[in-house]
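In the part that follows, the structures are each spelled out as structure tokens.
What follows is subunit A paired twice: with subunit B in the first complex and subunit C in the second.
Coming up: the complex of A and B.
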């Protein structure tokens, strides 16, 4: 198992629309990184709920990413906007219990790029 | 609908600090509609308290339950045999729900996790507005179903005050002028004549002294 930065655990929620081969690409990087990384493919980032993010932290994630398609490019129109609002709500909640807001991070992809989940993960984890 | 908002986590944490076994009880009616005390919010609060306890190296056991109505005995009774196993109960019901729980389980240590706010309406997703003061002397039939007591910043019964601008209130420019709404709707209905009448002030005596009650023989058993 390859170690990620400082052996941290990561949870990555991502919109399935960003990578047509997400299933294959996700599995390949899952094998590489092992249990330090957990992927949560969702049909649209607008499906994300604060409870999902809290459960990820509760399950031991040191960092939670929510990856959305570019604003204005959501297949379901406004999903990525809702994801941002819910992430902000959850950031406020975790701040109230003394955690860093930065534990939760929104990654809004840039328009016009072809992203794959494996490459994106490597970028995120440095 | 009765609306409420969650108390700050610090206050909630303070209330449950002496206890290790906690039952969080949500209510599936009004406070679920206003996204403060339903099943999701119970889960969210439980999760936040568990994470907080872990970070403070505190042991805590939390059970989550949501009943359909926290202000009606038949639903509260679902907690019988469960509530006794917990040192404290955090209620995500409105003030009426918290008190009803405490009345049925007088020995249990019950704490409110919400601040009950007002009677209102879901205006749009994420927006709830107050539209009823429960004055006990409803005149909505005269005012095109727009309550001037609640929705006019000056609670005028014989408006408008003349201070509205572009249809908004002079006290709070973000707020639509209730009297502008009343007049516009009465005009659309062809009932503007209703405003020829001078309305007497609200009969606040109907609020009664102390807590109000409704008694109906036909509903009693």
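Coming up: the complex of A and C.
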């Protein structure tokens, strides 16, 4: 993690379909970053609600990522599209109350790649 | 009639929302705005009472739903689906399955025995304990008052060495002095954990629950602290550090000390007994191919209680291919052949995950059973083993309130006690001491298979053996 990110808190919501072994794969990150990163696996990214995102910010996250599967690959057909809509909606909400839109970010994975949560997280934190 | 053993239970809610088997996936987009939405018809008011647990971001939609599928079936636009919760599937491992964990959670919460309304859905047979069936022939003839009524089924066992005969002098005076015995009302003691996060709450919860259920908890010598002082009557001190470090005063106050097996273990036993003759000594060792021989040697030399341990999955040392129940059967039979069985007490531990496992180990020849992981699961452990990797515990077990933990353990043990009574009632056995080693009242899948198929020239069907 870059120095500039030190001390920042992250919340990462991700669709569990993207990494079947997420519970094991994310451990190296959990170990390294401790309470700085919180993972919230969800059964489908479409399950994300504005309330989830607001609560994550409320509980101190400086940056919230929502990771969805590639378009067209959702197991429940349109979950990832819904996730995007809800994220946009929440971005507008937080902007209205004076927070930066950028605190919420949608990461849509590219089709045809195999992702693991740990690699993905390291990429995100750059 | 003896006073009935009864464990007081009280509902003790979990601190974290439990991980449930299935989740709801419901879309709002595409909603037809029916005059009466199916969500309003939920008998359990799951949608109306929806809330979010922000600590875990768990939606009450998932945790409160009772899986009746009414909303799923009735939504005209099929906007509601139920899916298996991947978090549930990730609980535990192959041995400590999500079903076992969930079952323990439920029992710890309310103290009731698990009931699966739709009958038994499990496989016909499986590895380990599942390859053994107990004879439930008496289940068709419930005793007149039922097992919880006037009928008394005793689950009491004695821990210690037993005399095989009494000796008298020429004047008819008794000269043999009986060795000390400790009686527990349930053949279950609490063992040290193979892993757990730090914090003293866990040990204190074990001890408080041991006191409430009138049994014992094994505590590592190094873990003993002054605030456990009041629990000394319920402690089995595992002297795995240095037994010589124990003060004489401590040795005199303890009822049971457990020693790791070693070449001079009998000499240490003698040394301790000189200080406190009322002390019962356990000798603990890991199951292995040589366990029968070692157990017989110890029994011959005067061992009182032998504590045989397996790993979390019920397996002995690496080279030992036998599951705990099979290894204990072998040790039990070996001791009988050597004419030593009734002199010593055998305790088995490792891989005991359900009440039926207690009954099964007793039938295979253990006098009592030591339980470990289920006690931690009772306090919401998810068997994720993050604590072994130094990652923080997802259910914050380091900081539990020990009284809360003890209450959950008590509920679980009460559930197990009741299930033990069910098994014994169904077998027509009223005294657990008589159930020990009653292998004729059980069937073992591997043996049946051999018996039936070997004559036909067919090799074993399971495990490809």
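Note that in this section the second predicted complex is superposed on the first by the 121 of 126 C-alpha atoms of A that agree within 3 Å, B and C clash if a C-alpha of one lies under 4 Å from a C-alpha of the other, contacts with A are read in each partner's own complex, and residues count from 1 in each chain.
Here is the rule we use: a residue touches a chain if its C-beta (ideal position, glycine included) is under 8 Å from a C-beta of that chain, and two chains touch if they have at least 3 such contacts.
Remember, predicted model here, so these are calculated numbers, not experimental data.
Engineer: Just subunit B (first), just subunit C (second), both, or neither: which does A:79 touch?
Structural biologist: The second partner, subunit C, only.
Engineer: Per the contact definition in the header, classify A:59: touching subunit B only (first), subunit C only (second), both, or neither.
Structural biologist: second
Engineer: If you stack the two complexes on chain A, which partner ends up touching A:34: first (subunit B), second (subunit C), both, or neither?
Structural biologist: A:34 contacts subunit C only, not subunit B.
Engineer: Would you mind checking which one, subunit B or subunit C, touches more residues on subunit A?
Structural biologist: Of subunit B and subunit C, the partner in contact with more residues of subunit A is C.
Engineer: Using the touch definition from the top, say if A:70 reaches subunit B (first), subunit C (second), both or neither.
Structural biologist: Neither subunit B nor subunit C is touched by A:70.
Engineer: Taking the superposition on A as described, I'd like to know which of subunit B and subunit C A:46 touches: first, second, both or neither.
Structural biologist: second
Engineer: After superposition on the shared chain, which partner residues are touched by A:13: those of subunit B (first), subunit C (second), both, or neither?
Structural biologist: In the superposed model, A:13 contacts subunit C only, not subunit B.
Engineer: Is there a shared patch on subunit A that both subunit B and subunit C touch, and which residues make it up?
Structural biologist: 49, 51, 55, 58
Engineer: Name, in rising order, each residue of subunit B that touches subunit A in their complex.
Structural biologist: Those residues of subunit B that touch subunit A are 8-10, 13, 40, 43-44, 47-52, 55.
Engineer: Please give the residue numbers of subunit A that touch subunit C in the complex, ascending.
Structural biologist: The contact residues of subunit A facing subunit C are 13, 16-17, 20, 22-23, 27, 30-31, 34-35, 40-44, 46-47, 49, 51-52, 55-56, 58-59, 76, 78-79, 82, 85.
Engineer: Of all residues in subunit A, which touch subunit B in the complex?
Structural biologist: 49-51, 54-55, 57-58, 93-94, 96-99
Engineer: Give the list of subunit C residues in touch with subunit A in this complex.
Structural biologist: Its residues touching subunit A are 23, 25, 27, 29, 52, 54, 56-57, 59, 81, 83, 85-87, 90, 384, 386, 389-392.
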